[in-house]
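Comments concern the structure below.
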Amino acid sequence: MFIKDAWYVASWADDLGTTPIARRICDIPLVLYRTATGEAAALVDRCCHRAAPLSLGKVTETGLECGYHGLVFNTEGTCVHIPGQRHIPGTAKVQSFAVIEKDAIVWIWMGDPQAADAGLIVDYPFHNDPVKWPFRHETMPIKANYALMVDNLMDLTHLGYVHVTTIGGNPTVHVEAKMETERTDRGLKFTRWILDADAPPTIAAAVHFEGKVDRWQEFEFIAPGVIKHWAGAVDANTGAYDQGIREGGFMVRIFHGITPETETSCFYFWSIANGFGQDDPATSVEAHRSAKEAFSEDKVVIEQQQQRLTEMGEHDLIDIRSDSARVSMRRTLNRMLDKERIT
Amino acid sequence: MFIKDAWYVASWADDLGTTPIARRICDIPLVLYRTATGEAAALVDRCCHRAAPLSLGKVTETGLECGYHGLVFNTEGTCVHIPGQRHIPGTAKVQSFAVIEKDAIVWIWMGDPQAADAGLIVDYPFHNDPVKWPFRHETMPIKANYALMVDNLMDLTHLGYVHVTTIGGNPTVHVEAKMETERTDRGLKFTRWILDADAPPTIAAAVHFEGKVDRWQEFEFIAPGVIKHWAGAVDANTGAYDQGIREGGFMVRIFHGITPETETSCFYFWSIANGFGQDDPATSVEAHRSAKEAFSEDKVVIEQQQQRLTEMGEHDLIDIRSDSARVSMRRTLNRMLDKERIT
Amino acid sequence: MFIKDAWYVASWADDLGTTPIARRICDIPLVLYRTATGEAAALVDRCCHRAAPLSLGKVTETGLECGYHGLVFNTEGTCVHIPGQRHIPGTAKVQSFAVIEKDAIVWIWMGDPQAADAGLIVDYPFHNDPVKWPFRHETMPIKANYALMVDNLMDLTHLGYVHVTTIGGNPTVHVEAKMETERTDRGLKFTRWILDADAPPTIAAAVHFEGKVDRWQEFEFIAPGVIKHWAGAVDANTGAYDQGIREGGFMVRIFHGITPETETSCFYFWSIANGFGQDDPATSVEAHRSAKEAFSEDKVVIEQQQQRLTEMGEHDLIDIRSDSARVSMRRTLNRMLDKERIT
């Protein structure tokens, strides 16, 4: 059961070329590719002739050519060439999906293409500002339902347990962080402040602080699968919390795009934009490396969590205080699912 | 659902010795072996005592001995020895299958052994003529229904797409080849001519031609799983097409034996007999190598095709003009299946 | 379907420390661990918060801490700490199992912990006597139902087929061994004598004999999964059989603990205690190595036997004379299962 009427990240724009990519989204096998003129496209990855995957084919001047018997399809899935015959029957077509490229991302709408409203695509200008926000990105396949990955980002108390030696540090500071949550039209926002605390290992390694730091984490969840994340740390008591002075320390913007693959797997597309050491490419490389190390720690836990849920279901589970944002997020997903079932 | 009343290739004769082989055919786990006197045999690969696979056992003077507790079976599946007891109950037996060795092949009849008519086994004399037709053979496991492999050989327009850099070359010549099809009692025959065309890469590498070639492909399908294939090329306009002069160029005979393993896997037994460079063993080695390279290209496509069919079925697929032989072949298979269901 | 009201081997005592181990027993995923004070414990391996496996967590002073959000559990499965909140709801708990450490083994009772009677745990004093019975142990995962492994040990005629080059030797001597079987309250005992025979390969390599040997195998099966095994060989006709003189040759005691993992897999815990060369550690190492080699031969057969049974069931299987102890053992298991179903 997937939310279909939504924009998901299909690919990083610079990962998609004329060589077709096979990728399953919402349990539909897709072929993603660019046409000879550079337009991104997505079709069901199954030729309407003998069911060979179109992702084994190649892009020609006239369209995507099946690698088995040479049928050619345009970006709307209409067959435009059948070798050896002039007549192309109207039934010669495959399903196509709406695809839009924006902010370095190829977005896909998994519902009816006619209903795809480009205005609903999240804005993420930080991907278009290489001077202030140089960024690096990653695609992590995760063997867990996408909502488990969103869960993970909605309850940051896990930082002190899962990421103790990386981005977490002391568990208590995360549990006791000041947290303000706000519901939005399309999800929720929350801000967390950890004041006058030790910098965790990866932040301390990225920027030199004299002593304690004030640290913030701002998260905006836009259902179903996008989270904008702004995190930073500055010397303690220098006005970050009460006066909004956030420069001069550590600062990154992280984009999280979580796309369902199957009921028990997803793609975790994330980028990290460096807002503290823009002139030094090595800091961007290191920020990416340390984020990847931390997110790989999440992957281990979430994949095993999925295994337990697959086998044993959700019976007898309890919610705890730190689940509030997570529970709100899940209600939003359920409302969207209900809406699609009614219509 | 398999056609049982038919002879399938079980093994190459020279691959079968007294060391038992476990092989699944028509989804029945079999043990194939030769007795101490060299007779080929096939039993269900499950001892009637504790269900251990008989393929873990060994051939003794008295029969096939189970490797767990030593029961011995003859080639009809009757238990002839139980360690520690004289009386052998009548229930001590395993199912056996009719097996016949002919033309370098061990053939198996998967239906009632009483109905196995040796006269129905295909004749393939080219396996018995090492001077004119030296041959080399291969056993390729393929993770696809056997009919998808037969499909592949019934529509040669795939050569220009799947095999463009090997045996195919220019797609257009295959699409435009002259093709004559003839139905036969047990399947169909077709002949294709590609006249005055460039030799494809593997043929050009095997034989030196001055210029263009005339090229033929003769296929005879004998249901359910055998195809005899004669292919060649000679200098263009030297009488191959209209006068039957086919010597002096490139010429091979390929035997295709396709045996169901499960509903979604098969064994592709093929041989290639060298009819153009018999005195030079290196040409046989190279013909085998290049055929294997090409057939491995088919394997990739067919296995992925199977995955799509397994997941999505055959809905909304269309037939095209080049499918005519394939469709006829499928009708033959369906008639054979229907006949077994009625009786 | 498992017998739950029984003690199974969960682990070797010296393999269990404060680092949690994930282990499935009777198809229940468990976390096994020792507390900070060294007490062995077993809980269902699923946190009651978000279903993360507790085996990813760590042992703290206060209990087993979940590695995701830090909930802490005591050995009874009661949650004793939830980060960020004082109130711990009564529903915050996971299932626990009775665990007792005895004779170098961690035993687990898979039924109601209230019904766990420590008096039912098998006595195995040979694990506590390093001077007379130095031992080495092993944990072998086997992809077969545990009863197939017990079957194996109840019919020793397999020695001459499965272990012909190791502990078996001549098949005939095993088939013709004198065997006396006795039913017991909790299973059965049998003793086998092979008199005036050649020593099999591993025994001949361990101890030098002048000529033929008298060889005994004493087995005691205690349902559902323990077998005590005493085996030895002395020079033939020196009184072993009729006067009970068993010293001076080869002698080992083997503990077999067979614990169900799933319906088609088990853990085979075994130890071998050296009763003939106690002063030479190399003989213990070699006894362990040769037993492991032999038991690995069993593993191959049993795993393939399971595959056949999974696919084809037990239809048309026959019992033979050498099955008598095996059949009696199976009746005992069935009685225990029936008893649990009634209550």
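A, B and C label the chains in the order they appear, each numbered from 1.
The rule is simple: contacts are C-beta pairs under 8 Å (C-beta built on N, C-alpha and C of every residue); 3 or more make two chains touch, one makes a residue touch a chain.
If you're wondering where the values come from, they're calculated on a predicted model, not measured in any experiment.
Chain contact topology: the protein chains form a complete graph, every chain touching every other one. Of all residue numbers that take part in the contact between chain B and chain C, under half occur on both sides, making this a different-residue interface. Annotation: 48 Å between the Cα-based centres of chain B and chain C.
The multi-chain contact residues of chain A, meaning those touching 2 or more other chains, do not exist; every residue touches at most one other chain. Across the complex, chain C meets chain A through its residues 29, 45-46, 48-53, 56-57, 65-71, 82-85, 89, 91-92.
Interface of chain B with chain A (complex): residues 151, 155, 157-158, 160-162, 171, 175-176, 300-301, 304-305, 307-309, 311-312, 314, 316-322.
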